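I have a structure here, written as structure tokens, and I will follow up with some questions on it.
The first chain written gets the first letter, and so on, giving A, B, C and D; residue counts start at 1 in each chain.
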Amino acid sequence: MPEQKGKLRKKELTINMGPQHPATHGVLRLELDIDGETVVKCTPHVGYLHRGTEKLGENRTYLAALPLTDRLDYISSMANNVGYCLAVERLFGIEAPERAKFIRTMASEMARISSHLLWLGTHALDIGAMTVFLYAFKEREWILDLFEMLTGARLTVTYPRIGGVRNDVSEEFLSSLYKFTDEFPKNIEEYETLIDQNRIWLQRTKNIGIITAEEAVNWGLTGPMLRGSGVDYDLRKYCPYDAYDKVDFDVPLGKNGDTYDRYRCRMEEMRQSARIIRQCIEKLPEGPVMTPDAPKFTLPPKERILKDMEAMIQHFVLVIKGPVTAPDGEIYSAIEAPKGELGFYFISNGTGKPYRMRLRSPSFIHASVLPLLCEGALVADVIANIGTIDIVLGECDR
Amino acid sequence: MNSKEAAEKIREMFPEEVREIREYNSQTSVIVKRDRIKDIIRYLHSDPLLNFDLLKDLCGVDYSGKKETRFEVVYHLYSLEYRSLLRIRAEVPEDDCSIDSVVDIFAGANWPERECYDLLGVVFKGHPDLRRILLPEDWEGHPLRKDYPLQSDLGEKEWKGYLDVIELAKKNMEFETK
Amino acid sequence: MIESVISSVGINGFAGSMIALLVKIAIVFGVVMLHVAYATYFERKVIGHIQLRLGPMTVGPHGILQPIADGIKSFFKEDIIPAGADKTVFKIAPVIPVFSALGCLAVVPFFDGFVLANINIGLLYIFAMSSLSAYGIVMAGWSSNSKYSFLGGLRSTAQVISYEVALGLSLVGVMIMSESLNLTQIVEAQQKYWHGMFIIPQFLGAFVFMIAAFAETNRAPFDLPEAESELVAGFFVEYSGMRFALFYMAEYIGMLVMSAISVLCFVGGWTLPPFVLEAFPSLAAVPGIVWFMLKIYFHVFVYYWIRSTLPRFRYDHLMCLGWKVLIPLALLNIVITALVKYFC
Amino acid sequence: MNRQSEDCVIEIEEGIKVIPGAGAVIAGIDKIANWGRISSMWPAVFGTACCAIEMMTAGSSHYDLDRFGIIFRASPRQADVMIISGTVTKKMAPVMRRVYDQMAEPRYVIAMGSCACTGNVYNTYSTAQGCDNFLPVDVYIPGCPPRPEAFIDGLIKLQEKIKNEHLRWSRWR
């Protein structure tokens, strides 16, 4: 503001929100210029969790880079794994067997539920409803227990493999998962009543952070952020991967593109996920969970390495050189991760390591839209907006 | 219009710009020169027959020693209407490491372009706010270049801010209660 | 009772009454401080159980020593005054809310005849004292020299000023009905009616008072001055150790005081409604303080219940609610009460 | 009076003076202070990466840190423990050190997860190899990420450490 002589000087107050702040979901930093309670300018700063995953991936074999993807969007690591494996499979031109596809579909939907539950909890906590957070976490703990049953890990699972999945599912797991899909929609309905009928919640979310359909497409938003604005774009439906073309589900759409619509979209998606999991269990075919090409891509089991010479050589080659049959080409492969479109762009040059590994992370794009949402809103809305874009900084900064 | 036809369309419209059209795994990539990249992208965006309205991704690649032109900026465009994906690869030489920004066509290109500048050092002309995004603003070097070291110990190239923190920590340690 | 003990020792006249007063103050102070400590424990337990947790468990049996541990820890913690802070104001600020909240207790009758100062403008005195605590918050917010605490202080000013009006107006109905500002007389006035509590004829006033009291004490859903997810900790973001504990204490004393006023003005204080006493005459043997405490703890429970259920208001909605809903409602209540009083 | 108290001081070694019998008092205060500290350790909310999720889970109803009197405080001024949960990047290091410097004594640091302990797989240009390069870490919890049970175990280890402290209340008062 230019200095005015003889009058009071007016200047915006600049406050720095984050990286250590309870509502920034990790290490996002916002620089807010505020005039009273109104935000005049909002500048997001990211990169506080930049770990160099892309560079690291270029220096590792295709097999060894898989665990790195767990730590991108650590809330839904299963979906990242699936996306990575799918991209490598497409690059190498192989395909997972039918049973593995169903298992992957099931597992990535479980990841979606766990991710959306965490979003619900933290979003509600930011707005001030603290009990929803604990209820959502209680439900999430159930999913994590199921993950543990399936893979042996809670959070960073590294379960899918290039050309299939690591191990077959047990009957016990399937029956507990089935029970979960039975009870989950009922529970979620109960928790929803805590906030959905609440006038304060409606006031805090309706007509807050509106993105029109044109804006959403122009900014490159994907996932519930795009569907909340009413654009019908879901990779699971229109570019099906794994077993999504064999199951039946709806894609929930919003109308106004405000925080409330996105909230409704995600809540509905959780119910659809439960529906998909149910169908997967019902339709799960028999057969192997690894492709017959597996020896070229997957480490043999430990017992065989100790006894079998061939297996040991195979193990050795895979670890040192990576899959040696890599073609000379490039691929962009994307999946519908819980946050939005998670894309992998590989450039291969015939060696066992990717020449360039690029991650198209939805959170990065979604975080860039924050100034659009926040400018002109109140300070309290900034918090609601950070919650609604549902970012994970691990994926945003890579 | 599917991506193959779209690629041909570009060759038709910009014959001297398009270097090559490649296909791998049923994905089409068009390798173009960088000079008229903005026109090409605008054409793809605004032509109602092509209507590539979603910029899925923008990234840079370092082909150090593999190709004549060292860098490439890769655009992944998607048409929501025709559901087709097209990859545009614009070649950027090392000596004049710059390309036109497409932020005024795709608002979503803002951060990816900043990231590309940050990690590879490609300058985007006409970008409204070209600063480093992932690394601190006074970081030296562009890490995603092939000649940049990977490991944590950067030796003399270490970021000053981090060294300052270690220095400060050593100083403050004296005041700690044991 | 205390007077008689003291006069039996042989001290009479002015000195005797002074000593009696001091003893009474000591009793009230001690009891209230203990209750404040255990109000935090109670809160953690209640909210814990609402959230399917247990709350404090390991410190003493069922975590009963938790508040004491918190206090000891705060006491032994380093006391930081930020370099840019206004030191004097920074030091004074936490004391003001505590003292204003404790000052309110002077006119609160705990049971029949037990009141430190039986003045005839008791309610007015409480309004004056409770709005004084806002100064402490504003001073804390300003003197910390932090932008977050500054915003918290500003929010608090606006909030307290707006809701003070509604709070005052909501009690006018009670004043009209009891024709007094003395809290003891208000309680006695309620006994003249069959229902024995003003909450039935004054339901509108009680509703407005309840909401305004939440805002006045900065409790959820009106905890904007200290909104954790927005302003980190609001006006006391820079305070540590014992000074921070003082703010905490003030908040809980304020809550107890507000509950006490609500109990005295609307629910009949330490008395039971006449129709209940008629039905169960044996209940008259129970001392009044028990009913008083039970009623207060029910109110405090409602505070916690609401905190764990509702999301936080936004600043402008809060102002809207205060000025456009609560104040008109309170005025309406006054008009109706006055008309009824005049014609009946 | 003053003279007398000076007489009480015994010099056991050069420069080290002891008041006989004071040990009993000091040990008592030590015990009380340490008990207060271990019973109400308030961590600063500071999640950086994956481990933050498990930290949050530990606070949720399944594991319930409130049982131990542990509640998360948003402001570092009011916190006792700083939990570094996740990868520490070089860009983050100044912020982290600053948050630590803002905390009031006695303060403790827990490095949660392999990244915070040693840097984990992320031996890259932008990652600091463990937060002990610039912070005095009290307890290391390995795991990628550690389970909430492991995290709670780390907190209990810290409690044991605090229990054995002496005279940690004398310096700043």
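Keep in mind that, in the parts below, a residue touches a chain if its C-beta (ideal position, glycine included) is under 8 Å from a C-beta of that chain, and two chains touch if they have at least 3 such contacts.
Computed from a predicted structure; not experimentally measured.
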Farthest-lying chain, centroid of Cα atoms versus that of subunit A: C
Chain nearest the overall C-alpha centroid of the shown protein atoms: A
Subunit A and subunit D, separation of their C-alpha mean positions in angstrom: 33
Mean-CA-position distance for subunit C and subunit B (Å): 60
Distance from the mean Cα position of subunit D to that of subunit C, given in whole angstrom: 36
Rounded Å distance, subunit A centre to subunit B centre (Cα mean): 23
Shared interface positions of subunit B, touching two or more other chains: 134-136, 143, 148, 150
Set of subunit A residues in contact with two or more other chains: 21-22, 47, 50, 52, 55-56, 134-135, 138
In subunit D, residues with contacts to at least two other chains: 61, 74, 91, 105-106, 122, 124-127
Chain contact graph, described as a line, ring, star, complete graph or other shape: other
Sites on subunit B touched by subunit A in the complex: 24-25, 27, 29, 53-57, 59, 61-62, 66, 74, 76, 80, 83, 85, 87, 106-112, 115, 119, 132-136, 143-144, 148, 150
Interfacial residue positions of subunit A with respect to subunit C in the complex: 13-16, 21-23, 37, 124-131, 134-135, 138, 194-195, 198, 200-201, 203-204, 378-383
Touch list for subunit D against partner subunit A, complex: 44-50, 52-54, 56-57, 60-62, 74, 76, 86-87, 89, 91-92, 95, 99, 121-122, 124-127, 144-145, 147
Complex contacts: residues of subunit D adjacent to subunit C: 32-33, 35-37, 39-40, 61, 64, 66-69, 71, 73-75, 77-78, 80, 102, 104-106, 169, 172
Subunit C to subunit D touching residues, read off their complex: 44, 48, 51-59, 63, 65-66, 68-73, 75-80, 228, 232-233, 236-241, 244
